[in-house]
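Labels run A, B and C following the written order; every chain starts at residue 1.
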Amino acid sequence: MTRGRAKWALALVFGIVLVSLPYWVRDLYQLHLASLIGAYWVLIAGLNLVVGYTGQLSIGHVGLLAVGSYCFAILAGKLGLDPQLSMAICGALGGLVGAVLGLPSLRLPGFYFAMATMAFALIVTELSLAQGDVTGGGTGLSVPGFSAPFDTPWGNYWLILAIGTLITWLTWNVACLMWGRALIAVRDSEVAAASVGVGIFRLKLTVFIFSGVTAGIGGALFASLQSYITPDTFVFEIGLFFFVCIIIGGRGTILGPFIGTVILTALPELVAPLAKFGTFFYGLTLLVVVLLIPEGFGRLVELAVARFSGEPHRSHEVRPDLVRLGAALKEREVAS
Amino acid sequence: MRPLSWMRALSICALAFAAATGAGAQEPIKIGWLSSLTGPLSSAAIAENQGVQFAIDEINNAGGILGRKIELLTRDTAGEPTKAVNLAQQLAFSDKVHFIIGPVNSGESLATGPILARAGMPNIVIGAIDELIDVKKYPLAFRAINTNTQWIEGGIGYGLDVLKRRKVAVIGDTSGYGTSSAKTAGELLEKAGVKPVYTVLIDANKTDLTDEMTKARAAGADVLMPWSAATGLMARLLNTRGSMGWDVPVVGHPALMALPIKALLNKPEYWENVFAAGYTSTTYVDGKLPERTQKLVDQVKPALGGKIDFTFWWVALGYDTVKIIEHAVKTAGSTDPAKFKDVLEKTTDLPGVYATYSWSPTNHNGFPDKNIVVNSANTFKDGSYEAAPR
Amino acid sequence: MLTVIVSGLAIGAVYAAAALAYNVMYSTSKVLSVTTGHLCMLGGVFGAWFIAGLGLPIPVGLAGAIAVGALFGWITEIVGVRRVLARSDEHLWLLSTLALATMIQQAVGLWWGTEPKPFPRLIPQDFSAGLFDQKYWLPILVVILMAAGLELFYRLTLWGKLFQATSEDAFAARARGIPTDRVRSLSYLLSGAVGGLAGFTAGQLTFAFFALGLSLTLNGFIALAVGGLGSNLGALVGGAGLGLLSAFATYLFGGEYQQTIAVGLLMLVLLVRPEGLFGAKRVRPV
């Protein structure tokens, strides 16, 4: 079996495991956790392109999550629109807000941009509290679930799985094709990328809008899982959490941030007594990763695997075949 | 990535996932306790926790309920609704508890209510926001604490009827609780025929309140009604009132009489002419506490280090939530949720330490109006207060 | 009305102090650390702890707060900046300082508590002094003095020149024998001291509160961006402007749109004049 085939086989196994998850998972709580990871992943997959590939350090993406969630709660809950349609509209609104946020901010250098996104997240919380008539203010809004066949916990999970797979496939394609290379070029050296003809601002904006769309959809899914949202739900620490998932998973890969998401979501549940150290722990992990393994855990795994798989050295020394050379020279001498 | 990495990724995911689990259900009666032991409102949660733990120890030492011991599963939600939702699900589905107490914060409770209702889990509610109880939407939720309306009505009653004021300034904070309380206060005042002369929402961390207080004074307010659980904000309000030399009475949320305020005030006299909604169970009458409260105080005091330097009704509330469950299970003869609901709906005048509870099929708020009383804020002694002058 | 102006200037002074701290850090390392606001917070918290908690006399508390600020500024440099600058990856320092800031905030929250705690009275004064209350004029006075002091430092002393040399071209500075690592450490120490002092003097205004850090980082940054990176006068102007704007916005529209208006100001200035009011136009190296 060739390497490519092996990859496909494993992807298939992975897929089967995920699809059949509701059957082998122990109880509804674990199913809820899996659905939550899925909803986060929808947002993080899009954010990965912005942070991991393009290197735009957006720490306030929780604002876009909030926009998506509130939009879904209002459209599907208050106004009673079809939930699936509402979700699509949430995605569109997320993209629009992403454009509005990105247009002025993406031109700014790194730190300025990060601060702008942080300020954005705080503004969204402020507005959701202030506009009480629309958003329910401090009391918040209750969020309906999706309509059949997605209204059971299993149905909801499969919906999230389907959307997550679609988004992952999209980002995978972007990453593997020329676009992905362009993104990485922008991250590593903007000046060089510009000199090769990459339209930097347009690239950044497009990717940012895409991340807005995924955040909007992720927000809708997240809200229906929470079943009730208030401005307190969207604390700044969640934006930090998304960011850390990507960084510790490994920038420039798709699977790395996915592993990061799974680990960081499951970990607080595992170590419930350490709940109060949660955010401190995120900060510590981020610091350790940045100082020691800037490429993230994904890279660590790759390195470990490369060492174990004992793959042949790609490069080999060139040794002159002196005997043959001597014979060839002699022939030449004889011929001339 | 290499195929092997995929397998590693898969195993990591599976491990992380499968490990996040709890034990299955067994003989003891399991009570889940969602408490925000860290984060905002942690002081209330910690005190309530004392009450809950004490009640459980007391019942277990006496042989448990119907011969079964109680097992308490405490989960720290850190005041975050997302965590509260996850942990509620964990308690309901993984740990399979029989009853859940809490969460403490109204914001968290708003999120867990629908989830626990869907899971068919009986829930003793200890958040005050009115929307938490709905007989149709949350049939198994029963409230032990008073409703926000009861607090506000108590305060309004004192301000309008006893102090005979008509020009009210309503002050809330920008949190979930603060905004909805300010709104409710405005509505209840209008129902009483009084329109507030000034309403404002202040960020709980705002350092300087001179603008707002000046505006309130300019609007002609003759009584201030702050409804916020933020002690820092309350302290700053009183300091500003004092440094302005404005002798207007203040009637509002119990946070006005919380002990930490004493340290935050610039001068002790700034705490005078301040009244807060309180409880008959923690009010001294002729120097004495009600019998049941005194009994609990005496029992709990040694465990708390010999002194009580926080509001005692939190402990009493925690204690009562467990006793309510005990009453329901004993009367029903089982932990069946339907029987639980049935028993509590037929319960009237259940004598607790914190209050005397009555529920009905149309009303799941157990706290009676008459157990609300207005206290003078600066009369803290061992967790309880003196009644405000009438 | 006058109270609005005075309280706006007072809180603006704290923002200006954070901007000054940013400037000092930037002057040697071209790094803007997320921990800047936290240095001010630490000054306030530790000042309150030394004086009110441990009962030390006020000058000792003051020195202690400055020392703690300087210490954490130094830690920022060692942990967050030094190793990271050595690599070529441009924005890792943002991540490392963000991580450090989160850790500091959470650790202080766990130790000190999540409620704002009172800051002791520094100079005996009656509380009904109204506008002349020390919580207003102390931060304003101290920050103006600090800005003046920093300007003198840069213009007149040798070490100030060393700072500037290190920031303009680190290689050339090293070639001339300047110990750039030590200069950078010193500048972070200094910015920590600036932050700590500012936090200490503003303690009566802001109370000793652990969550101040992030808000000051953001607002101090807005003051910096508006006033211009690298300019101390700009820091003062930016801070005052932001403080006044916030105060008036709250007075006129209520506290609900405070953050929105502050960021609106930032966006406006950045769109019209990206280098800030007093900043120098930056030339990009190709």
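We adopt the following convention: a contact is a pair of C-beta atoms (placed from the backbone, for glycine too) under 8 Å apart; a residue touches a chain by one contact, two chains touch by 3 or more.
The structure presented is a predicted model; accordingly, all values stated were derived computationally and were not measured.
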item: More contacts between chains, A-C or B-C; value: A-C
item: Farthest-lying chain, centroid of Cα atoms versus that of subunit A; value: B
item: Subunit B and subunit C: spacing of chain centres that average the CA atoms, whole Å; value: 38
item: Rounded Å distance, subunit A centre to subunit C centre (Cα mean); value: 33
item: Per-residue overlap in subunit C, given as positions that touch at least 2 other chains; value: 110, 256, 258
item: Residues of subunit B whose C-beta touches two or more other chains; value: 38-39, 174
item: Numbers and ranges of subunit A residues touching at least 2 other chains; value: 129, 276
item: Residues of subunit A touching subunit C in the complex; value: 55, 57, 59, 104, 107-108, 110-112, 114-116, 118-120, 122-123, 126-127, 129-130, 191, 236, 240, 247, 276-277, 279-280, 282-287, 290-291, 294
item: For the subunit B and subunit C complex, residues of the former touching the latter; value: 38-40, 42-43, 174, 200-203, 205-208, 210-211, 214, 231-232, 235, 239, 242-245, 260, 263-264, 266-267
item: Subunit B to subunit A touching residues, read off their complex; value: 1-10, 12-14, 16-21, 37-39, 75-83, 85-87, 89-90, 92-94, 96, 107, 110-111, 113-115, 118-119, 129, 131, 174-180, 183
item: Residue ranges of subunit C touching subunit A (in the complex, touch as defined); value: 32, 79-80, 83-84, 87, 89-92, 94-96, 98-103, 106-107, 110, 214, 217-218, 221-222, 225, 256-260, 262-263, 266-267, 270-271, 274, 284, 286
item: In the complex with subunit B, residue positions of subunit A that touch it; value: 3, 6-7, 9-11, 13-14, 17, 26-30, 32-34, 36, 129, 132, 137-140, 142, 225-233, 235, 238, 253, 255, 258-259, 262-263, 266-270, 272-273, 275-276, 278, 298, 301-302, 305-306, 308-309
